[in-house]
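So, here's a batch of structures to check.
In the two complexes that follow, subunit A is the common piece, with subunit B as its partner first and subunit C second.
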Partner chain A sequence: MIDPLFLEGIIKVLFVFVLISAGLIISTRNLSSVLTTYTIQSFLLSAVSFLLYMIDGKGQLLLLAGLTLASKVILIPYFISRIEEKIKIGRDLHFAYLEPTPSLLLSIGLILLSYTFLSRVFEGLPLSRLFFFGAVIGLSLTLMGMLVMFSRKKVITKALGYLSMENGVLMFGLFVTELPFIIEVLIIIDLIILVMLTTILAVGMDSSIEEYRQKFRKLQIWTGVESL
Partner chain B sequence: MLEALVYGAIAALISGTVLPLLYRSKNTRKTSFGLSLISSILLLGFAGAILYTGKEPVFPAIRYLPGLDFTLAADRLSAGFILLIAAVVPGVSIYSVEYVEHAKSESRKNLQTALTNLFILAMLMVVLAGNMVIFLIFWEIMSLSSLLLVLHDYSSEENKKAGFFYFVMTNISTAFLFVGFISLFKLTGSAEFGPLEYSASELALPFLSLFIGFGVKAGLVPFHKWLPYAHPAAPSSVSALMSGVMLKVAVYGFLRFLLSVFTPELWWGVLILTVGSLSALFGVIYALKENDIKRLLAYSSIENIGIIFTGIGLYVIFKVEGLESLALLSLAGACFHAFNHALFKSLLFLCAGSIVHATGTRNIEAFGGLVKTMPVTSALFMIGSVSIAALPPTNGFAGELLLYQAFFQSFAVTDPLLTVFLITALSSFALTGALAAALFVKLFGITCLAMPRSEKSRLAVEVQKPMLIGSAVPAALCILAGLFSKQLLSLAGWEIEFPDLLLLGLLLGLIYAALFLIIRSKETSPARISETWGCGSPTLAPYMEYSSAGFSEPLVMIFKNIYRTKIVHKAEYLDKQESLFKNGNVEIRLLRFFEEYLYIPPAQAIESFSKYVSSLQNGKLDSYVLYAFLAVIALIIATGGLV
Partner chain C sequence: MNTSFLLFALLNPLFALLAAPLYMALIRKVKAYAQGRKGPRLFQVYYDLRKLMKKEAVYSPTSSWVMRFTPYLNLSTLLVCSLFVPLVFVPEPAGGLGNIIVFLYLLALERFFTALGGLDAGSAFGGMGSSRSMSLAAVIEPTMVVAFAALAFVLKSLNLHHMFALTAGTVLPISPTLVLVSISLFIILIVETGRLPVDNPATHLELTMINEAMILEQTGKNLALLELAHALKQFLLMGILINTILPVGLSTEIDAGKIAVSAILFLLKAGLLAIIIGLFESALAKMRLFRLPAFYVMAFFFSALTILIEVFA
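So, the complex of A and B:
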């Protein structure tokens, strides 16, 4: 049996990495790096969930860790990397409303805001420091994901922003509300559908149905047939 | 028994609305107007019975939503206004049978027929409404059906503008009514029109919002501007209904509220009286300047609504002062004038419709000499003019006499300041009466007398029989209501000290007959028919006649401070520095005071605000997510109590 305090220390270290990954998603221009960062972030979350299982011993947490690993670390990044290969756009250079540096400054502001907000909300509740921090990180991760959604131009980055937002929700759920397991599963199914839709839209948003088919065939997404 | 009459009338009006929508033929339209005629006869019996016996019918309540009943109610007040509807509708229906055939296409004819019936039905139901919710529902139906009627000739740009203006104003009216009724509901906890035993300060908000709401619809200054736009656009039969009945429905709504208040305050009465007097005065002053026959009549409606509200204001003042009999007299005056105005204004609008139809223009300056080409219409038009100018023994005289009586007896008021106020209002009221007489001398004289001023007027032919009979009905009622005014008022339960106009009319008739006979017998030589002396010019030409503008010029000079002129410059330049002049124009025109200072600034503010708001909706996903983001942040800050 490992000492829970040691585990908590590790979780705290992971929190820092989660925040760093969120910052990277906001500011990185290279699409494949953004995807890698997201994968790492999801992996960190999965690890946090596993460590919490080690502390608490709830089977649900273990399941959640496994599910996150399967969907968010393997399946979704695999889909997105395929899209990235096909559309041949390597970088997302343009930003709307906010450039990377102000975005990072704003996200510091968001973390502070979540901190003060949650410390007001949880005032007087019997919640350990660790869980409080988890909630703060979760909320700020959600807000930062939203920031990504409106400040980046490319649809794939937007989708990654949304995914990272959902990571924030998961984090918040892990530490504060204990969402029922079924809801977590549903959210993950939603995410997979979202990624599929994004694939479709990212490829064919600007074309008519006929052109769309052509494009699809050319890019060989899900068809498995070589292009003519 | 009584209830059956109302159900019959409603059924007739509903089938009159539905039939023309199903079958397109002239016979259907005839049937439909026949149905509205039948309904008005049924209503006449219903209202007359209530007014005479004082027995109120009982209607069942149908619950259609929890806490909300569909229920009708009729007391003496509503019966009075139902009587008004029943008096105006027959003439309009008979007139419309022929008039509606002049519409452009078969479908428009049917639509106009159906909407007219719907409009009448809605007005009837507003008056019959048993609670505020029903009232508002039918109020909206009334507004919308009249809007569609105003827009019947929707292809012209001017009519579209008129329709839009009317739409905006009528919605403002409804918005204020909502505020008023909701605040009443909050106070009483019920949607019924019950007695309101609350202090005046609690009722101030409902009073003000209902006064504005009904005032907009009734056309009180400064909310009157939709009338002069909507009436020229609407078909004349619809103008007759709108001016004759719909404005009175607004008066009814206001009275319904006011009469249920136990303790009004003095400032209510002073406010109503002031606004009423100003409406009357401004209405007639603007009418004098007007050359469009229907617009002129619209301004005259504003004047008459002003007179009605003057009576209502007097009622409140006398009631507060504890002078019950005077209060009753003023109220009777206001109601009777409302009834009379419905009659003669619908008559005038119907005649105006005939004249406009025969000549093809609304410009008074192009009329003239119609007494020869359209003798019957001219005679009916004269009856209307005499009535509205309040000459005895017509009903206009009887109605205004009641108000004058109330004013004259106001020495019973003890407060000196109030006395001075009442005397000022009386003088303004008297001035209004005199100006109205001048206005209708001008209107009738320029339109019907002398020589035709244009080819259109010279070639005009008398309109068809239904239109003549349709106008003759209100004309006959005008005279009858005048002659039997005392009897009518006492039948309606108002025993008021009031001269018997029947006697007066007989006396007047005898005097005229005697004068005629005396002159006839003293006549020395037979009548010599020759041309008027034209100062030496060989023939008299139409341009030598009094023109409409010339006739009103002296009055315009007197009131030149009210008709302010405005100099408008418009210039275009070839360059940006505005030094090379391209073209432009300068005009001196009447200042449209209310429009330019009261209506347009808020409209512009709303427009620029809506432009700003619609620029937020830019079709970019990024911006929408940004708004959501900002909303979330705001929510976090607000719920966390961080502000």
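So, the complex of A and C:
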């Protein structure tokens, strides 16, 4: 049996890497690097879940680790990389409202905010330091994913922001609420459907939302009322 | 003042001075391999320095004492800095040596005089380089202060000697946040030594020069001193990074055997870091000048995060 304290140490190091990956998703302009970062982030979550299983011994956590590995590390990145091949653009250079530099500064504020918020919420609850820290990081990851969706223009990066937001929810669930396993499964199925839909819609994925309709019309996928 | 400190004061600057140029050469070698060339020999930098030392210094007619004084000041500042960063063994602390605030100010002094020296020759290139260097310094210095503050926060001391006494003897970093600080330190190392993506040390093109532009007018012995000071700065910053994140073998007592092992291990670790820097430089293109703050903000983000985590977790 491995010493739980040692395992907790490793989990803390993984937390740090999760935060680094969240920062990279906010600021990277290269699409394939964003995808790689997302894959690594999901892998880290899967590892955290596995380590928690080693400490706790709950079978559910092991299942969750396996499920995360299969869906978010292998399946979803595979679909998205296929989209990236089709749309033939490598970079998302345009940002709405916030450039990466202020985004990163803002995300420091978001982390601070989630800390203050959660420390009020959990006041008086017998929650260990590690679990509280995990909850703070989960919540900040969710908010930072939202920041990505907010500040990016390309739809594909918005989708990745959404996925990273879901990673935050998973993290929060791991450390605080213990979501029932069935809900985790449903969320993951939802995510896969989302990503498959984006694959189907790939023709429009390389444009901003404003250009979407025009593109559809050009490719005669959806002609709209005017053409009737 | 005790014997341990006297030995340190002799050994540490000497070690740094002798080993520093080697890593300039090693980084060049790695970059050359990455580009499919063979590159110069590892000792080429030493030969170049020796050659420059023998040459006469030529001054522009418009230059003043600043240009003659800068090389000596830079090298002596960095030699003092080398007393602040224990590389192979940590002495018993003495006086105010090792204080990171003084260390940062010494680096700022060196930067200031390099910029003045660039302006002094009266050439357009030097002025441009100084102007760029100073505007970037205005952005990187707050980041540096925050990064070193984070380091001080994690290791609970403002003194580099105390910090390394704490990390010495551990195999893994003593706190997960040190990983974050070391990323910031790495970015600072890249920026301070004028490497890609901030500045390109290998070219003399008008558009890319920052550091090279400032020393363009320096010749002969003075150039050699400046190059040596630059290598020393890089080596010391590498030393801080290595002894923070991977302090294996760092000796805390005076024992010839232990110090020898520690020195050899340090040279190996610095070699590894130099290879990483070389690969990092080969993988990146130079950034546009106005996009550089985004690169610094990464360092700022990680350092601020470190302080947050240390306070809360």
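Quick note on the criterion: the second predicted complex is superposed on the first by the 202 of 228 C-alpha atoms of A that agree within 3 Å, B and C clash if a C-alpha of one lies under 4 Å from a C-alpha of the other, contacts with A are read in each partner's own complex, and residues count from 1 in each chain.
The definition used in the following text is that a residue touches a chain if its C-beta (ideal position, glycine included) is under 8 Å from a C-beta of that chain, and two chains touch if they have at least 3 such contacts.
Quick caveat: nothing in here was measured; it's all calculated off a predicted structure.
Taken together through their common subunit A, the two structures put subunit B and subunit C side by side without a clash.
Contacts of A:Met171 after superposition: neither subunit B nor subunit C is touched. By the document's definition of touching, of the two partners only subunit B reaches A:Tyr97; subunit C does not.
Contacts of A:Ile83 after superposition: neither subunit B nor subunit C is touched. Shared-chain residue A:Gly9: touches subunit C; no touch with subunit B. When the shared chain is aligned, no partner comes close enough to touch A:Leu191: not subunit B, not subunit C. Of the two partner chains placed around the shared chain by superposition, neither subunit B nor subunit C is touched by A:Leu163. Using the contact criterion defined above for the overlaid structures, shared-chain residue A:Leu113 touches subunit B, although it does not reach subunit C.
Touch counts on subunit A: comparing subunit C and subunit B, the chain ahead is C.
Of the two partner chains placed by superposition, only subunit C is touched by A:Phe133; subunit B is not. Measuring only between alpha carbons, the smallest separation of subunit B from subunit C in this overlay is 17 Å. Within subunit A, no residue touches subunit B in one complex and subunit C in the other.
For subunit A in complex with subunit B, the touching residues are 96-97, 110, 113-114, 116-117, 120-121, 143, 146-147, 149-151, 153, 158. If you check the complex, the residues on subunit C that touch subunit A are 176-177, 179-180, 183, 293-294, 297-298, 300-302, 304-305, 308-309, 312-313.
By the touch criterion given at the top, residues 9, 12-13, 15-17, 19-20, 23, 27, 99-101, 104-105, 107-108, 111-112, 115, 129, 133, 136 of subunit A touch subunit C in their complex.
The touching residues of subunit B, counted against subunit A in their complex, run 620-623, 625-626, 628-629, 632-633, 636-637, 640-642.
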